[in-house]
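One chain, chain A, appears in both complexes that follow, with chain B as partner in the first and chain C in the second.
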Partner chain A sequence: MMSSPDRRRKRLDRSIEVRSAGLYALSSYREMTYVLAPRLLLIVGLLILPFILDPYWQKVLCAAAITAILALSFDFLAQYVGLVCLGGAMFIGFGGYIAGLMNANWGLPPMLTIPLAAVIGSFVSTLVLLPCLRLRGIYFAIVTFMLPLFARNVIVALGLFGSTEGITGLDTLPNTWVEQYVILIALLVALFGLRRLVSEDIGLIMMGIKDNDQAVLAAGISIFRYRVIAVFVASFIACFAGAYLAHLYGWLGLSLFAMDFSILPIAATVMGGMGTLSGAVIGALILTPLSEALRGFGQLRVVLYCLVLLIFILYKPEGLMNYLERKYHQFERWEKV
Partner chain B sequence: MTMSDELLLEVRNVGKSFGGVKAVMDVSFTLYKGDVLGVIGPNGAGKTTLVNILTGFVKPDRGSIIYKGRDIAGMAPNRVANLGLARTFQVMRPYHSLPAYKNLIVPLNSPRAKKATAGKLGDRDSVAIDILEEVGFERDARVPYKTAGSLPLGYQKRLELARCIALKPEIILCDEVFSGLSMSEITSILPLLEKLVMQGVTLIMVEHRLRELFRLANRALVMRFGVKIAEGSPREVMKKDEVRAAYMGTKRSR
Partner chain C sequence: MESVLIYGAINSVIFALMSVGFSLVYGVSRLPNFAHGSIYVLVGFLTWSFVNDLNLNYWLAILISLAVASLLGAAIAQFVLLRLRGLPTSEIIASFAVGLIILEGLRLQGIGGFKGFIGPNYVLKPFVDGKIEIFSVFVDYQRLIVVGVGAALAVGLWFFTHHTRMGLSLRAIAQDEQAAMMLGINSDRVAMMSMAIGSALAGLAAVIILPLGNVTAEDGYRVLVYALAVCIIGGLGSWGGTFMAAFLVGFAMKVSTFFFGAVWESVVLVGTIILVLLVKPSGLLGKQKELEERV
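Entry: the complex of A and B
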């Protein structure tokens, strides 16, 4: 709508009382709805999706949820701890291989191997990343980017775990309902858990480390310790996703270390809005189905990611979530001058 | 400004070079509980490096720092802080987007502060707000809730001090707390520092504002090109020719 000289658009922020839930008590149902509605929309929306989708898109939903968890892990480490980790594929690979091997060798059921692999995988990932934790910025990013390639080549070179063939015939989850709800609930727990974590003292300390590590040291706090905790949390949720992935397709192999698992979550996070956590989830829930819909175009899909990344970095660097949040908290009206 | 005879810190022959630059050379001094030591000298004299060495941010090449009978030279900064040596930074970087009181949550989570506040009533937020009130944040004006980035410089300096106080320190090393402040802001911060000294906190103050510094300091240490050139009471120190030359240039320009 063009603005004519006798009117203008006025933009107002909604009152601060409603928005800063920490400082003020919410006093009415209206305010409560205002705060809860977007959260409920996401939760309920995700939980009813399995009822709406056909079997093919149900699988896509599972894949999207895996990407979303990886994106959460990336966003948390990058924006709240200052560790830009490009090695999402390593977490997926570790989680997937550990779960798959436990299942194939010892016959443990998926309901046991998935949580176990998440714990063991995150221990291993944290140990692997331990020497890198002193690195900052680009150096940490480069090392983490190399690690999945490293792991992959170790497996091929030594002919471990079925080498290039992988291992097939792993147990899958009992039925499609369990399949979908396991990962959807894990996603929601990860999302709201991380949001909670970053608003607690520990999250503040981690953000402090990202902003100004010297001041945190001067405050008598060991940076290293908190980085270890952060990496453990981030790799825990990602390894869970990896372990789940192995059981989703009943198969483990080198493609668990595929670059896609490192790159796609980053594209999703950029699209959804860096540092919002929920944005990472929304980005993944849009990008994954989109790329699935374009499956017919083959390699052109990669071009699509790149385009999405480019467009968002150039034209909407704040990402979807920040934009939506701003719009939600503002209202506009036309006013006579 | 009473000087007790409890030896708190003994710095012996501390030195540090960065490549070919000798930032601090062979500096020794002692500090007793309740002292206020002013560290002065022209730019590039090595004052900030000295503070960095004392607080563990820079590892000295040689020398020892005996704090309460224990050598802390080369110890990690967070461990030094937990022993009770807190510091402010010359360039302040509070967490801009966070409310002022949230800035104190980080130091309040250190092992030392947790031990000090253990068993006390109230959560960390309220402890933080109490500390801010102590350094002159008006609770009624809701200043503690304003974002740190939006505070005027004087308040940001107070916040910096508050972050030290949260550690319940024995020694606070102030790296130019007065710089960039107006006269009236300085006169409002001075009583704060005096109060800290009364409470038994020992201060090491790196400062360029000598007049304001010497209202507080009972001892002064003068540095030039990394070397300690004088030490003693402020009055004696400022009488020395070397000090006058270092500060005001050579005789000709005087």
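Entry: the complex of A and C
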């Protein structure tokens, strides 16, 4: 209703976009720059951030990267496999507890516990989610929403793993450089790895499962198997982030299962643009510092994420990334109707 | 042993009350109302505020809060959920966000002099004080009222959905949306109506159940989880299944508490859900959607 009825906005692909899209037989530096610039901007931008931030914001950067990884895992599951996971906190919790317990009980170094916890944690998460993988839609959302809350209850009820107090004094990573680059590189690997994965054949099958599972079934492909693979991949990266988190603060406890880890990545994904993967990362890099600035206000943070989420989902459902991508690839002009 | 039976029954009715609103909304309009638990808690706090801050009569306070709840439910449907209809991912996320805004908003402190509802001081009065002895087990009257209201609600809902125009249109939409629309039933309006009724039912459950303990914002998560658990076990959208599952869960929890101790409650709940999903993925009575939901 914003525009007057006698004209409309016409969008056209830029000619360089047409020349450099699809086939990568690039003929000039200009085209190569056009394709590489946005990717390099993100990669280089992330990698030089540790040099220019002060120690406090370096920690925030680590937290933002963790959120970004969770957001990636959510976005991948929701938009490419059709499984809406409302319980990202469960992955964080499993990863964190497994890494922390291995470190506290057996004295394994963080460089060993983090990858181990990612593998074991993703096995455990996949196993836990196995019963509801045969179902689609809302069932999965409901069960994943309940699981972190139950995990907390079980830990408190049975007095496991330090119960309500958790375990303190875990080994932290050797120094702040390692600390930051481990998670930043993990983030970049996860982002570009997932982007690659969804453009391979397996990604095509997964998207098929999301859009029309009956058709995929009719093609003789086991939906269940691919869902298991997808959940494993998504929980692998999220458990990695959880294990890293436990070692970042040298502490594990019930707040690894906190609602923040479930809702903030979702808000970041919606803000960045669902289904773009890179949008999830951008959303996380914007929202996490914002929420950090509001740390003093207690619950206001959660209310704020939810408001951002609601506003974006209702009024800008395409998200930031799709918007930016459009501006980058297309020009637009008004034309008479 | 008698106490397990009696308290198991009461517990079951509590579960049924908590989940009937969610089940109704999902059964009719396929809208997952993740704000269910928040509305429950909100009604508790509203009633408390009306009674203690505005010095209203208790019954009047309850009536006003229920009205607010159903208006809120209708507003959530109209301004959020109906705009996202047909996008299941967005529906779930958006209603979850609304729920969190309400729930965490209740705990906000220091904005505009608002103190935030934190701590154990928010207690609603039982309707009738006192206890009664049934088979040598002491039961307070409030729990009997819970059972009474639960039974009345079951009968009332059955009557409403089978013998009133609005109830019949709710069922029509639930059974076959396209055919119902051809007969002139406005699907969006029915969805809004179902949200209003579902929210009022959540509120009703709140004002009846909350006098048994105190009102805390964390309850919102608990109620939502219980409601979802019961609805999954019973089969999403099946009203009969909801009541059946409420009794299954209610007794399972009390029995496990009696034999193993209270810490096992949540373990039993998860165990039941996982078992039901493994054996019969569409829930106890979720028959008609079995083919659609199971892949």
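Please note the rule applied: the second predicted complex is superposed on the first by the 310 of 337 C-alpha atoms of A that agree within 3 Å, B and C clash if a C-alpha of one lies under 4 Å from a C-alpha of the other, contacts with A are read in each partner's own complex, and residues count from 1 in each chain.
Keep in mind that, in the parts below, a residue touches a chain if its C-beta (ideal position, glycine included) is under 8 Å from a C-beta of that chain, and two chains touch if they have at least 3 such contacts.
All values derive from a computational prediction rather than experimental measurement.
By the touch criterion defined above, A:Y139 lies against chain C but remains apart from chain B after alignment on the C-alpha atoms of chain A.
In the superposed pair of complexes, A:A63 makes contact with neither chain B nor chain C.
By the document's definition of touching, of the two partners only chain B reaches A:I205; chain C does not. Of the two partner chains placed around the shared chain by superposition, chain C is the only one that A:F150 touches, whereas chain B remains out of contact. By the document's definition of touching, neither partner reaches A:L188: not chain B, not chain C.
Contact comparison for chain A: of chain B and chain C, C touches the greater number of residues.
Of the two partner chains, both chain B and chain C are touched by A:L217. When the shared chain is aligned, no partner comes close enough to touch A:A89: not chain B, not chain C.
Residues 214, 217, 223 of chain A lie in contact with chain B in one complex and with chain C in the other. Residues of chain A touching chain C in their complex: 78-79, 84, 86, 131-132, 134-139, 141-143, 145-147, 149-150, 153-154, 157-158, 213-214, 217, 223, 259, 263, 266-267, 270, 274, 298-300, 302-303, 306-307, 309-310, 313-314, 317.
On the chain B side of its complex with chain A, the touching residues are 55-57, 76-79, 81-82, 86-87, 89, 93, 95, 98, 102, 105-113, 124, 145, 163, 166-167. Looking at the complex, you find that chain C touches chain A at residues 26, 32, 34, 80, 83-84, 88-90, 92-94, 96-98, 100-101, 104-105, 107-109, 111, 116, 221, 225, 228-229, 232, 236, 262-267, 269-270, 273-274, 277-278, 281-282, 293-295.
By the touch criterion stated above, chain A contacts chain B in their complex at residues 23, 201-202, 204-205, 207-208, 211-212, 214-223.
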